[in-house]
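A short worksheet on the structure shown next.
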Amino acid sequence: MSFVEYGDTIKDGDTAIVFLGHESMFPVKVQHGTVTQTKYGVIRHSMDLIGKKYGSKVTCSKGGWVFILHPTPELWTMNLPHRTQILYSTDISIITMMLELKPGSIVCESGTGSGSLSHALIRTVAPTGHLYTVEFHQQRAEKAREEFREHGVEHLVTVTNQDVCKNGFGVSNIADAVFLDIPSPWEAIGHAKSALKAEGGRICSFSPCIEQVQRTCLAMEEYGFTEINTLEILLRVYNVRTISLQIPDLGKAAEDNSSAGFDSSNPSNQGSPCANLQQGTVQFKSGVPLREMVGHTGYLTFATKSLF
Amino acid sequence: MEDGSRLGPRICEGDCAVLKRDDVFKAVPVLRRRKIIFEKQWFYLDNAIGHIYGTTFEVTSGGNLQPKQEVEETATETKEAGTDNRNIVDDGKSQKLTHDDIKALKDKGIKGQEIVQQLIENSTTFRDKTEFAQDKYIKKKKKKYEAVITIVKPSTRILSTMYYAREPGKINHLRYDTLAQMLTLGNIRAGNKMIVMETCAGLVLGAVMERMGGYGSIIQMYPGGGPVRAATSCFGFPKLFFDNLHEFPLSKVDSLLSGTFSTETLPSEPEDNVLVEEESNGLTDEKQTALQEGEEESTTEAAMEINQIEEQETTDINAEDVEFKENKEKENVREKQRKQWERRKKLIETAALLREKNADGLIVASKFHPSPLLLTLLEFVAPSRPFVVYCQYKEPLLECYTKLRERGGVINLKLSETWLRNYQVLPDRSHPKLTMSGGGGYLLSGITVVLDKGKSDSSHSQALKMEEPSCKRCKVQDLHC
Amino acid sequence: MSFVEYGDTIKDGDTAIVFLGHESMFPVKVQHGTVTQTKYGVIRHSMDLIGKKYGSKVTCSKGGWVFILHPTPELWTMNLPHRTQILYSTDISIITMMLELKPGSIVCESGTGSGSLSHALIRTVAPTGHLYTVEFHQQRAEKAREEFREHGVEHLVTVTNQDVCKNGFGVSNIADAVFLDIPSPWEAIGHAKSALKAEGGRICSFSPCIEQVQRTCLAMEEYGFTEINTLEILLRVYNVRTISLQIPDLGKAAEDNSSAGFDSSNPSNQGSPCANLQQGTVQFKSGVPLREMVGHTGYLTFATKSLF
Amino acid sequence: MEDGSRLGPRICEGDCAVLKRDDVFKAVPVLRRRKIIFEKQWFYLDNAIGHIYGTTFEVTSGGNLQPKQEVEETATETKEAGTDNRNIVDDGKSQKLTHDDIKALKDKGIKGQEIVQQLIENSTTFRDKTEFAQDKYIKKKKKKYEAVITIVKPSTRILSTMYYAREPGKINHLRYDTLAQMLTLGNIRAGNKMIVMETCAGLVLGAVMERMGGYGSIIQMYPGGGPVRAATSCFGFPKLFFDNLHEFPLSKVDSLLSGTFSTETLPSEPEDNVLVEEESNGLTDEKQTALQEGEEESTTEAAMEINQIEEQETTDINAEDVEFKENKEKENVREKQRKQWERRKKLIETAALLREKNADGLIVASKFHPSPLLLTLLEFVAPSRPFVVYCQYKEPLLECYTKLRERGGVINLKLSETWLRNYQVLPDRSHPKLTMSGGGGYLLSGITVVLDKGKSDSSHSQALKMEEPSCKRCKVQDLHC
């Protein structure tokens, strides 16, 4: 297993995803002799996991079962330990496309944060590209390095612990793309520009607040970036449901009765028009939006460093 | 106390008032010596009686309300903001005050605001936090320890927001902005003769009544034994608003249209209806059920509060009617007969109103499949009048659309949905709110025209062509007009 | 006819809406002896309109027909002569509800603009309320007065031609609600406050740009408004369509053929697997979003003037 | 000229390049002495050849391109902004320059930028306009009179944006951000073995190829006589990217699965397919037809440009092959046989690849009903791999969802749609763009797991329970984990 290559069977040292049910899962480090507790009972790594195919159903000690999934950057994003606010797959998707990333791309990122985007970036630029990621918080930088090692991608990434606004990315004229997710991105635009290749490249800045975007756009313009474009992307998830709606009783069935002239003042007969009506229902499938959805993650500002 | 005549209405015993804390609303009857629980605080409304609507109160010891003259912002002068959070290591030990310490402060009767101040002073990390994080911290703590509520007069804005937040299942998840669209698209105004068919606890009816201000007339169509108006009663409308509010049983509609209508078979008594309301929510899905179970908790709570108003009124009437215990039974029978007679008289009046087939509009918002409702009730609407149908799901409105096209007699059909986005606007940190409603339901609206029954075939095909949303044709027409 | 009361028949002097087809309509002033040109031919007011029922189908001189509709503020909004950017029904709906307007309400508005919102406000506060509308552009104020007169609502509205930021609304302590749609609403917040009743009331400011909102919110806070709440509402319209999708040919029909062993190198047989396949389709109704929709009209900021 | 080795690739004859003006893109083949029409300007690309991709050119007289070193902003110093528009009376006479005047300036060879400056100076109302209105005016005029284009290298970003704007019907209205979701949700990366079934002119295939960078393998499933790859060819991929691109006819899928597959009956030649593509767009509605007619105009134009690249290539090959005219016929027969043999060989290879049933993912984006495609093609995917299905409509994906639940072997099913909002960010006038896309289509994604065929009944019911999106259950599980 690695985050940049599928493996068929679960191996000692792998990071696997234990899938318990709808949006309920967690990552587990596979280790000989270890056991993992779930609500369905215990999973014994040596017996239940190692050597099994990814995607297998594993029966836990209490008889319930789970699926063991091969990790992907997207599953990791849903399950990683949060050290900071993280970027989710919806934003990551558009960032990756708009930065024009592909195998071989050199990308700079700051901050590393919880590594959610980092894993996705590494996946896309592998096997010949590289990610330079800068994190000013020492603990976080250290933890990210550890995760990259565990996930078999350390050769594709360099983690630097410094302040990108003061010290930049530590590289110059080699990046195809730069991504910023820091409180004051406008202070890093100059560094971003010098990290990018001379022939140009793409930049993206993620900011939750519009004021940050305004300053960042001004800075981008100042540094000669073109195609400055701010956008927002929201995911609307639909639950698939079978709905059944009642057909209202407009009295068609009751017409015969009404001519029979029951006196409604007779209490025993009061319910009768309702009783003999066949309340039909209509069934249909519907994609029903969730009651609450994520209403905002951040604004994404993209720009191009042009040739001149 | 304030000069009420200049300052608007006072809070009176028996009113339906709305408690407000931040964005949370709750409708309650104003009663003496009654414990209210709201946002994890308990208190009595006794002291609020006589104050002007809009007054903010603080909950003091013993659950008493004390008017608060100024809503001050928490002291910002203590803030010394760090520039970023790189040096903060979260070890869960940053607050030096223990739970016991805080409890002790509370027991001493220390006010919430002071507790928050003490929490700030005893936080080792507060000064290192960014200004933003500091604000967040203060807000969180303030919400937890300060007990401030405002009592406001009910309105469609407040009640529709409240219902959507607290008991969406009761109003078929009709979001307040969708209701707002209905009122405008339906051209609801004083003087109209409106037909309303809703199973939204009477919220839609109340909204229509508010917009009509007692002018004109409303015919509420109801399923089962009688209309449900729990939410309507929360509006606190003057009695005269109900003079021109009529109701008509859905189960009599077909017979009214076919000419076989008679008042001999009345539907069962209104009391029976509560059951119907609770039993079916139009959903078979497990998830929904699970959700609604969750909702039911708060529902029960709020519904209780509201129903108590009704109970109260009923009790009052009984107390007046039953002067002597020995006359009770006789009186009851006579009273029952009188009521029955009145119901029948009103039903005949309402049937006559419908038979005129000149309603100024139709509003449908129910748990039922809207298609049969719409097709039938449109019969009672005059030409050149708007109609609006709400449904929580899109699919039934597609059917309505198709059926209406086949029927003819309607134009300008529009199926729509609104997106509502709330914003946080604060210096240097403005952005859309982080959560938003996933959906507020769907509307189908249109305008009635004279239905050309004789030439239905040719008019149908032409109407279809006429309405086909073709951009190309629109452009050409623009040039011609 | 008036904009605050339905009439059954078309009368001389009425403003009626001529409906030609999907979203194609225009307003017409009904006058004895007048004719109106449409693409379906001429409509003669005396013969074709006056005395007819609203909602009637009217056959034009070329044989095509139109519907004549009773005006409503919503139809007016769709058909009025634009003198400025106007507010549409989606925003108007939420403004009306959030300002808690109803019969009897006193409302102040600035600017009058093309009168789109004004008509809706007058409709809602009639018959006992009043609209005070302030417009700084003299021509526009005059035109609005004229329209209100023609639409039978002049008793419900007072149009003032002045600069609301300098001179306010010309009334004080009588309004239940104030609406602002001006370039610098923050300059009018003080005037708005003094127009509102002493017991309090509601205010709404409409601005296309977020910077205007930021300044307005600050001003509202300064003037002691509470419940300051900014929102945005967008209408998503669906076209109802019958869609039919092809069932892909996965070769089920061709199985018999393949065993028969036709040689594909024989050109005359090459098309045969396609030819005898029954390409089925699935039909369904769908609500299809328009390709383009209105993406932004403005931010609506609501607030309450509180008791103290 | 610039040092190409340091500055990235140069524009070469025969390349597929993208012309860009503001937000408008157009893919064109780079050919000498060929008139290009783009954004109402005509010009020749001859002078662009040899320049670096990303260079901005100005169109000068005779349609020649001249590199523009700096993209300067229009002089802001002439602006004297009025504060509001109350004094502007629009009488249509504010511009003193006549159409003839402007034509005269153009004929004199005056550059666009100067014309705009003259227009400003001759506008009587310009000074009275607000700064905002002035900017708007300048932008409008600039767009009309200045002819500046940039030539950029194609990419998924550019081509998907271009197709969505210019020929959405060709790509089933797949919006670029929806495509972006597919690539991420599908975990597309170097080294994968992917199955792609699309009828999006090869755009989705191209996007997958770009993300795989020539590593791994792709099996494209195609309907009719052969895969359509008009958009794929616009990417300008190196030849080696095509070495591991395989294709397999949809019409052979059932026989492959049932074990009766043979290469004896090959589908008809690729040429036949173009017709199929043009004939059906999956819609019966008049409006759509009208819309697509409108689109067709630009479509035809752009498609022409693109197809010329392919023609060009074909001609090159023929020119090499046919050395002597007298050998032509014989050669042709031999060539045809060789091609046939090669096709069959490749088909056998591809069938073998599929038979391994170990694909690393499945991407579907077609005009067909997705349900049969999905259910069949998932057979070829290994367990614990993602799949993503796009459909322009929501309803077919509801069916896919239901069918997949019945089938089992998939988890984490998610039906979704994205909202895309673009912003104008300018000092003091930032807001969302005034128009936005109404919809970008729908996605159904999920993950395969080992399909427990024996116990399908019990596993089915448990799988259903397992996946039921119940908030309540989720919360309980969270506590346990």
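The first chain written gets the first letter, and so on, giving A, B, C and D; residue counts start at 1 in each chain.
What we mean here is this: a contact is a pair of C-beta atoms (placed from the backbone, for glycine too) under 8 Å apart; a residue touches a chain by one contact, two chains touch by 3 or more.
Here the structure is a predicted model, which means the values were calculated and not measured.
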Over-half contact-pair match to B-C, picked out of the listed pairs A-D, C-D or A-B
A-D
The pair out of A-B and A-D sharing more C-beta contacts is A-D
Mind checking the centre-to-centre distance between subunit A and subunit C? Centres are C-alpha means, answer in whole Å.
38
As a quick test, compute the distance in whole Å between the mean CA positions of subunit B and subunit D.
46
Taking each chain's centre as its mean C-alpha position, how far apart are subunit A and subunit D in Å?
24
Shared interface positions of subunit D, touching two or more other chains:
287, 291, 394, 419, 421-422, 427, 430, 432, 468-470, 473
In subunit A, what residues contact two or more other chains?
210, 236-237, 239, 286, 299
Which of the residues in subunit B end up touching subunit A in this complex?
84-86, 89, 130, 168, 173, 223-225, 249-255, 258, 260-262, 264-269, 272, 280, 282-285, 287-288, 291, 337, 340, 366-369, 372-373, 376, 393-396, 421-422, 427-439
Could you list, by residue number, the parts of subunit A that touch subunit B in their complex?
136-137, 139, 183, 208-211, 236-237, 239, 241-252, 254-255, 257-259, 261-265, 269-274, 277, 282-284, 286, 288-299
Of all residues in subunit A, which touch subunit D in the complex?
4-6, 8, 19-24, 26, 38-39, 53-57, 65, 67-70, 72-74, 89-90, 92-94, 96-98, 100, 102-104, 120, 123-124, 126-128, 197-200, 210, 213-214, 217-218, 226, 228-240, 285-287, 299, 301, 306-308
Write out the stretch or stretches of subunit D touching subunit A in their complex.
6-8, 52, 54-56, 69-71, 155-157, 160, 176-177, 179-181, 183-185, 187, 189-192, 210-215, 358, 360, 382-386, 394, 397-399, 401-402, 411-425, 427, 430, 432, 442, 447-450, 452, 459, 462, 465-470, 473-474, 477-478, 480-481
